[in-house]
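Paired with chain B in one complex and with chain C in the other, chain A is shared by the two complexes that follow.
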Partner chain A sequence: MSLAAEAFVSQMAAAEPWPENATLYQPLKEEQILLSDCASSLAVQTYLKMCGLPVQVVCKTNAEFMSPSGKIPFIHVGNQVVSELGPIVQFTKAKGHSLSDGLDDVQRAEMKAYMELVNNMLLTSELYIQWCDDATAAEVYEDVSQCCQALSQRLGTQPFFFNKQPTELDALVFGHLFTILTTRLTSSELAERVRSYSNLLTFCRRIEQTYFEDKNS
Partner chain B sequence: MGTVHAKSLDPLPMHGRDLGMNPDDLSDHQEPEQEAKQEILENKDVVVQHVNVQGLGRTKEDLLGYEISDVFQAKNLIDVMKRAHVARQKLLRLGVFKDVEVLIDTSEGSDALPNGLDVTFEVTEIKRVTGSYNTMVGNNEGSMVLGLKLPNLFGRAEKLTFQFSYGTKETSYGLSFFKPQPGFFERNLTLNAYKVTGQFPWSSLKETDRGLSAELNFPVGWTSHSLKWEGVWRELGCLARSASFAVREESGHSLKSALSHTMSIDSRNSAIFPNRGALLRINQELAGYTGGDASFLKEDFELQLNRRLFWDSVLSASFWGGMLYPLGGQPSCIADRFYLGGPTSVRGFGMYSIGPQSEGDYLGGEAYWAGGLHLYTPLPFRPGRGGFGDLFRTHFFLNAGNLCNLNYGEGPQAHLQKLAECIRWSYGAGIVLRLGNIARLELNYCVPMGVQSGDRICDGVQFGAGIRFL
Partner chain C sequence: MALSMELRCWGGGWGLPSVHTESLIVLAYSKFSGAQVTASPIDWTWKTLTATVPELICGESSVTDPTQILNFLRKQRFNADYELTARQGADTLAYIALLEEKLRPALLHTFWVDAENYSNVTRPWFASHSPFPLNFVVPCRHANIAISRILLTKGESPLNRINEIEAKLYSDAKECLNLLSYRLGTANYFFGNSPTSLDAFVFGFLAPLYKAGFPSSPLQSHLGQLENLTQFCENILAVYFSSSQPSSPSSVQETKDANLQKLTQLVNKESNLIEKMDDNLRSSSPQHKPHRPEPKPSLANEKNSTPA
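Entry: the complex of A and B
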């Protein structure tokens, strides 16, 4: 399809309401998924829960090949397929659901900056941990500490990064930190560094309780 | 329409030099000569004392022993000529000689008998290496094809072929080694290693196969059999962003390791425009028991009957069918299923555009049948008779078929019922052109009927090129 046709179809799709059978695809949880992919997938799931959009999680071994961009997770909504947090946020915004509408321009820019920080530091360190494991480890752990310090300072004692309302930044940070804290790795150095910031720990716990444990009740 | 790549067959195993000549024509040619000689020489007893082969280079002599040994049995001159002719054909079909000439002479030398004969085969060996270079253009893609052939590699009719195709979109290559059993050419082994890529716009699918295969061919009585093991690493992907989700779900890598067996009986007098005879080919494939992800049992068959009618016209009936039974509880893969429709199967419908589909992408089916009835006649008023005109035929056809998925829990009655409902069929007429001894081109006017929702039709004029037609 040409770009114009694609844009037209996207616009038509934007007019449709969020269906009941929206699905999120990721690789298998126990045997297959990588640390960084797990974090990304959790971030997207958290974001959708924060928006109040129901989505069913399906694990498939060929999820990364099914994705149009090759990256996971991706969601299948109606007959649209969208992958990665950035485009998914845009997609939900087109359907009228957004978490960052209440922010003014300065705050939005700040949010984007923090999201880039997380992607550059935390994501890179996760990729490093899962693929290599050698001499530059010290630098990697330093980066993680710095990132966590910046996030911790920004969060302070607030419930969310932008005070009362959760935004995509909260989803992204939760996704990464929760995965680092709960995944068993060969060395627990990464988790230790994150644990040393207590307000980030409480933040993770709070998000987990609010959005993920209500399934059981 | 896809590209057609017709590769010429070497002179193995059926008809010697492949210039589209019918063996019927050859024997017709010999008869009158022999009639005249028979009157004079019929009663003269001869003994074949020596059979020589001259001109051998790298070919090993033990290979030829089997082909020429029959000549020693000849009792009279006519017999010698017949057996020498048969031996010449056998030598040519090995694929190691460019030319074979037969020389029959009286014996000379100290041990020569008065009625002794010497038969000499003067052979010219094929070159050690032949190369070819072609460019192909078709379907918005151009490619360069390089071929390399090493016949008679170690002196016993082994052949090594290498083909490399470099295109704007895809690259593929293949290496093949062929070894016949000395003395029994029809029993042979072929080893292949290949990477091929294909694009299937009717399913919005692209497939890359990297594989190895080993194939053993052997005749048993009237039938010829083939046993093959194939191991393929398959990579499927979406051809376009707009591919349907059903096709998207099939993307990824999988491994198929399959054993297959084919039995065929072919009594036709030609592969392309047979006047008489029949073809029956039955093939089964079992995947999954020698490793790999794909696990299924696949059966398919092909039947063709030909009969000559009045005025040089031929009536031909063909019937195809197949079934795929997934084992191990997994659903079947889109790359293993059957497809139906197009100028080479049920005419009047789009290429492989019959049957189960999702958002315009055809997914194939697990069971199918297809039948065709043709009346072939020479061109009206027979232009170019005896030459170019003989490559053409007009044909009137009736095609029918069905493709669907069966619910294997139910019994055979239910299966037959499902295959019998929603039959697609078509009729029409057109012109067929023969290309060499393997391929044909068709230009038809088709009228599709029994069209179900979801099928794509191609009514009116349809062009087709290929090797296997319904």
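Entry: the complex of A and C
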């Protein structure tokens, strides 16, 4: 979205409270959705749950084409359509819901940096796994390990990345890690690498139980 | 490990040891970690077209890409990150990702795509540092690579044009600069009192933007307002790149010690002079003895009372 369009959406967003019939669109789960899209969609769903904002998940084969930016997921709230985690976080913030307000400037800087790390390494690895074959797979797996190690170090023994309160970083990390762990791929190397970090596993389980407990696993 | 190491890189300009971000990152890290690396500028050679820079050559092996080069140096025991905790190492990775994702595209745009900057600053420099006839080819090639890179990573689709995403590019970059400024605060370096690889990366990204003589660049002005970041660059230049000879950190420390010694001697001389003047003025008074005041009067008494 261009800068002007984003500003416009924020202004419109501030006008109305979150409706009951908000919907999230993504491609079909079993047959269609790609690994990276699944992760992004889960991240957004987790974020909305953490904010306590109800949303109905609808699977559509033409979700990509319905999206204003071509990227998934996107949400339909009131008479507005917003796609991707970044703009959605801004959108909910305009409506008065934010997870990162309690952070000071330095912490917010760290949070953004770690989100870029996840986008840079995990997302790229997922895209790679989906589309490319194993020629440079070793490098990709190494990147994933590095990223997981960094996340594991940063998380430590805390419940969330910024101690007691979840933020959009927790949503993003959960979306990606959970997807990697639960999706059946031709090679289980990726999942194995993630599994070797026990605090990340615990983190994923905890978020799953807290926010998705009525979902059948 | 006394293998000599040679770094092929773009040469210096604008008050910097190199105008090229990647080369600057490696040069800075070498200084921080005490690695003796000889800089071999590719300027005015055909390597301006053929080589990938920076390239570190050590004996038979050669390594390209700043991250790989830094890993190589660490394996050779030139490790500026030795004292970092695991958490700080994780933070390093995260902040480097931030630089690459949020700052890099806008820097590419500022140097290679913005028409005024490109024609007044970037192209003249690179053209004048490439041999004939490459001066017609090299800048243009870099500019095209820059445009493709920006569109691939930031454009919604490859068919978008640059000016549609310009505003977002620069607002992301300004936010990134703000975040770096918050994180650095009033410290000299990002992790404590000595510089690490993160400092090398930030320096490599910021210094060319800070120093290039652009006719007008909002991003450059924005950086100029973040005093702790500009001070960060100046500090590294002064401490690690000030003389024409490559000075390692230990020799800088020696210089500081030598200066301190000279200062102490000067102070001592001064105080002796003052004492003499004092004596002359009060020559009649027996209480003011013509020697430096002892810190422990008991010692003087002890000496006096030592039995013969």
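Assume the second predicted complex is superposed on the first by the 201 of 217 C-alpha atoms of A that agree within 3 Å, B and C clash if a C-alpha of one lies under 4 Å from a C-alpha of the other, contacts with A are read in each partner's own complex, and residues count from 1 in each chain.
The rule is simple: contacts are C-beta pairs under 8 Å (C-beta built on N, C-alpha and C of every residue); 3 or more make two chains touch, one makes a residue touch a chain.
Everything numeric in this text was worked out from a predicted model, so none of it was measured.
Q: Do chain B and chain C fit side by side on chain A in the superposed arrangement, or is it a clash?
A: Once chain A is superposed (C-alpha atoms), there is room for both chain B and chain C without a clash.
Q: For A:Met66 in the superposed arrangement: first (chain B), second (chain C), both or neither?
A: Once the two structures are laid over each other on A, A:Met66 reaches chain B alone.
Q: According to the stated criteria, A:Ser198 is in contact with first (chain B), second (chain C), both, or neither; which is it?
A: neither
Q: Answer with first, second, both or neither: which of chain B and chain C does A:Thr157 touch in the superposed model?
A: So A:Thr157 meets neither chain B nor chain C here.
Q: Looking only at contacts as defined up top, I'd like to know whether chain B or chain C touches more of chain A.
A: The partner making contact with more of chain A's residues is C.
Q: After superposing on chain A, what angle in degrees do the C-alpha centres of chain B and chain C form at the C-alpha centre of chain A, to the nearest 10?
A: 110
Q: Between chain B and chain C, once the two complexes are placed on the common chain, what is the minimum CA to CA distance in Å?
A: 13
Q: Would you tell me the residues on chain A in contact with chain B in one complex that are also in contact with chain C in the other?
A: Dual-contact residues (chain A): none.
Q: Any idea which chain A residues touch chain C in the complex?
A: Of all residues in chain A, those touching chain C are 2-4, 69-71, 105-106, 108-110, 112-114, 116-117, 119-121, 146-147, 149-151, 153-154, 156.
Q: If you look only at chain B, which of its residues touch chain A in the complex?
A: For this pair, the touching residues of chain B are 236-238, 240-242, 245, 248-249, 251-253, 359.
Q: So in the complex, the part of chain A that touches chain B is made up of which residues?
A: 1, 6, 60-62, 65-66, 68, 76, 79, 81
Q: Contact residues on chain C for chain A in the complex?
A: The touching residues are 86-87, 89-91, 93-95, 97-98, 100-102, 156-157, 164-165, 167-168, 171, 175, 179-180, 182-183, 185.
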